[in-house]
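Down below is the structure, laid out as structure tokens.
In order of appearance the chains are A, B and C, and numbering begins at 1 in each one.
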């Protein structure tokens, strides 16, 4: 039994950029000495989110469209009135989707469906350098 | 310390079928040699979600009603225009709720409130056979 | 390697009370013998949620405003028609946001961004005494 802590960096292009980070997570698991356990994939930051999705071009449009309907960019946000950074909606969206996911890994590989990828969604209004932590606990 | 990996199958009846899987998860914990730790409950697939809810008939209507208001089935989804499977809204709903939850277990039992059950929500437009993974790490 | 199980109590003032519990979680990690691993922060109860947010006054208004738009209090909920407790929307909101988050800890501290705090959001219509479980697995 052991813990394996790793982190990788990604650069996003701007709001609603959705990056497939499945390969990055799989690499961390493969590089570790652990075969079976739990992987926690987590972004340190309050304007990004991590979830799973079938990574295909249609949903890369549908998901941002839904986020815009759910938490519209054009409303007045108190966060913006205080800080003038135009990203109140980004914070709200990120809090609702959540900063990370936890998933099993077995035989040195993340457990995922064939059409299920781990994604980072940039909620902020500009491109950002993001640090994604992958923490493994297992044997 | 150790890892216990298990999986169980469920059959859903169709869209918005909400199944109480608390007993299945509790069985996995009870069958394992582990008494205390963390349980990761995860669906491999991109059109289902796992969360907790008070499992009573009212909320089994309220939750699908809310999902329909939040991510309506009748809108045009790019996913559907590409793949013609009519489940663009299913994918979006699943990504927002998330594919799994992680919870503590103590003394061989999941830690939950009295009126808090672990549920699988079928987001897809037809009944499906689902594999729910339960990965335990603990001692 | 080991497991550290802890719990702390908080008292909420009522609906949409958002409490910063980062310090509580950090204290649990610091008090344990574990330096690196995964922390599962989980509320046992079906009308509260845990996520991360930049804890500043603007977002403490924006997040409840968004929840009200997403899952309005004034609609008719089947849960209310059955149980007459006026909190159907609370249950739905809690299920969508989720009952817990899981995050890494390293060198005896939770891994978080500078402007990223762990919060408990009271979704119920009255103040409640809440038990927040923090379960650590690591070394």
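Rule of thumb we're sticking to: a contact is a pair of C-beta atoms (placed from the backbone, for glycine too) under 8 Å apart; a residue touches a chain by one contact, two chains touch by 3 or more.
Since the model is a prediction, treat every value here as computed from it, not as a measurement.
Student: Chain contact graph: line, ring, star, complete or other?
Tutor: complete
Student: Given a C-alpha superposition of chain A onto chain B, how large is the rotation in degrees, taken in steps of 5?
Tutor: Answer in degrees: 120, to the nearest 5.
Student: With chain centres taken as the means of their Cα atoms, state the distance from chain A to chain C in Å.
Tutor: Averaging C-alpha atoms per chain gives centres 19 Å apart.
Student: In chain A, which residues are in touch with two or more of the other chains?
Tutor: Each of 1, 38, 70, 96, 98, 102, 137 in chain A touches at least two other chains.
Student: Which bits of chain A are touching chain B when the two form their complex?
Tutor: 1, 36-38, 51-54, 56-59, 61-63, 66, 70, 96-98, 101-104, 106, 111-113, 115-116, 137-139
Student: Which residues of chain C touch chain B in their complex?
Tutor: 1-3, 5, 38, 40, 42-46, 70-71, 77-83, 88, 91-92, 94-96, 98-100, 102, 133, 135, 137
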